[in-house]
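The following pair of complexes shares a single chain, subunit A, combined with subunit B in the former and subunit C in the latter.
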Partner chain A sequence: MANTYTLIESKILGSVVASITFSSIPQTYTDLLVKVSARSNSGPNTHDNFLIYFNGTQSNRTNLILYGINGSVGSYTSTDYFGAFNAPASTANTFGNAEFYIPNYTGSNNKSISADIVSENNASNGQDYLGAALWSDSAAITSLTIGNYNASDFAINTTAYLYGISNS
Partner chain B sequence: MPTKLIINCETGEQTEVELTAEEIAQREADAKAFQAEVKAKEADAATKAAAKAELLDKLGITAEEAALLVG
Partner chain C sequence: MPAGSTYTPIATTTISGSSTTQVTFSSISGYTDLVCVANTAPLANIAVLQVRFNNDSGDNYSYVQYSGNGSSSATTTDTAQNYALASGTLLDTTNRTMHIMYVNDYANATTYKTLLTRGNRAANTSLAAVSESASIWLNTAAITSYTIRAGGEILPAGSTFTLYGLLGA
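Showing the complex of A and B:
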């Protein structure tokens, strides 16, 4: 159980950007937690997909995702994208929400990630994703990037919060 | 030109910089893969729907009646 839960940095976008990177992450916590509320400017699509990666590289990743879409359930694996969030064809002014938890981010073992992602829609085609992922790299995580999979920008008022969790 | 936001957690400094050519190339590759995924999912859903309709037609029952069989 976490003893402390500290906001490291946060951002509410005042202009669109392709990605958000938290750099020079302090190595003084046990785990990291990222909470994101996002909307994509991705053309005519209902959804875009989150990318989240470390130290500037998208390599050596395996993601396993369980999803529920309109009453259908399933799973997939990927080496890059995680799960869906809102894009322009979804309900106006509605944002998708996501939480990514990264334990033991300073260690030399491979890094695991757990994810809970929801794409909101006030009609059909709401989507929910639960993910587990592995970054096969011994490096400590010093930067974390939140991107999207469809070459688009994050909309204004997208928010991202990075927390440090200490177990002692 | 698309930009990325970098937030330095030590200093709190926030900088917005243009993507490099390499980052733009990666972004374009990701977008192509995304569109391929979307098309594949749509094709899969259409195939399954067609197969279901064909089976119901063969059996001569409605989707509601089929649901009763497996309920």
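Showing the complex of A and C:
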């Protein structure tokens, strides 16, 4: 059976870090998939916000989000932050989950991200996000960085897994 | 979900030329769930991305969708349609779109089948949009063929469609 859904690299945090980077991504797959379980380490917030960017550059990004928060639905655009995950003021030991799918990451088209993100809280203010992001750049993606818009570190036990998906 | 080798491409179609109106994956068997990844180039006209199972074009599908465009959000629902809805708002004339579509337990012969779809039109203009839809096919037959169409519009060259099979064990 073809091995077409392949773990490229895992990051399991044993100490806090400001960002998580997958570098030297092989150019041998069709699509990329990143699965993240994250919590912020400091600050007053219930939720912090993901940043995700490629090849070390944070320019030329356009993010669109459809969200559900406390029974309300809305939509916004952003050039940087991209959905929420749990921060210290949320329920203890609770991590936000996110999945980022990046098709055709080696091609010469602008690169897109399809994102599904949840940040649950055992009280009010649970949050759910669908995201579409565009990086207006024709370069192949060789590195991928997940950061925290709110300038806090990722907590210990945050995990991120990068998969390569082949269509043949 | 380290799925390893259980995530297997059944078939991939890349559109070339200018006469293809639908893509059909047939003789599907041997898996637990199906995932289809559709990456479409801009069309000549705005269109609805649709899915049909087993070539059923009867009014045997119902769906609900919610979507957002950065300034507003909306939800729609329809019954007795002749297609399952992949997205009702995303295919346009200037942007690529991507859809990930899931069918769980597609081979059982006792339950109606559902299609869960996640779509996005990433753009650096006000045309950016996202959607999520859930459709039901009112038929208990095992799914053996899976057709994707754009409401009869020509599928543009450079569009790719890949159907993956997932094994539960």
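Some observations on this one:
What we mean here is this: the second predicted complex is superposed on the first by the 164 of 168 C-alpha atoms of A that agree within 3 Å, B and C clash if a C-alpha of one lies under 4 Å from a C-alpha of the other, contacts with A are read in each partner's own complex, and residues count from 1 in each chain.
One rule holds in what follows: a residue touches a chain if its C-beta (ideal position, glycine included) is under 8 Å from a C-beta of that chain, and two chains touch if they have at least 3 such contacts.
Quantities reported herein were computed from a predicted structural model and do not represent experimental measurements.
In the superposition on chain A, A:149 makes contact with subunit B only, not with subunit C.
Legend: residue contacts after superposition of the two complexes on their common chain; A:38 is shown touching neither subunit B nor subunit C. Of the two partner chains placed around the shared chain by superposition, neither subunit B nor subunit C is touched by A:141.
Which of subunit B and subunit C touches more residues of subunit A: that partner is C. In the superposition on chain A, A:165 makes contact with subunit C only, not with subunit B. By the touch criterion defined above, A:84 reaches neither subunit B nor subunit C. After overlaying the two complexes on the shared chain, residue contacts for A:52 are found with neither subunit B nor subunit C.
No residue of subunit A contacts both subunit B in one complex and subunit C in the other. Every residue of subunit B that touches subunit A in the complex is listed here, in rising order: 2-12, 14, 16, 19, 26-28, 30-31, 33-35, 37-38.
By the touch criterion stated above, subunit A contacts subunit C in their complex at residues 1-7, 30-31, 35, 60, 62, 64-67, 73-77, 101, 103-104, 109-110, 112-114, 116, 130-134, 136, 161, 165-168.
Against subunit B, in their complex, subunit A makes its touches with residues 8-9, 11, 13, 15, 17-26, 45, 48-49, 51, 58, 80-81, 145, 149-153, 162. For subunit C in complex with subunit A, the touching residues are 1-9, 12, 37, 39, 66-73, 75, 96, 98, 100, 118-125, 128-132, 160, 162, 164.
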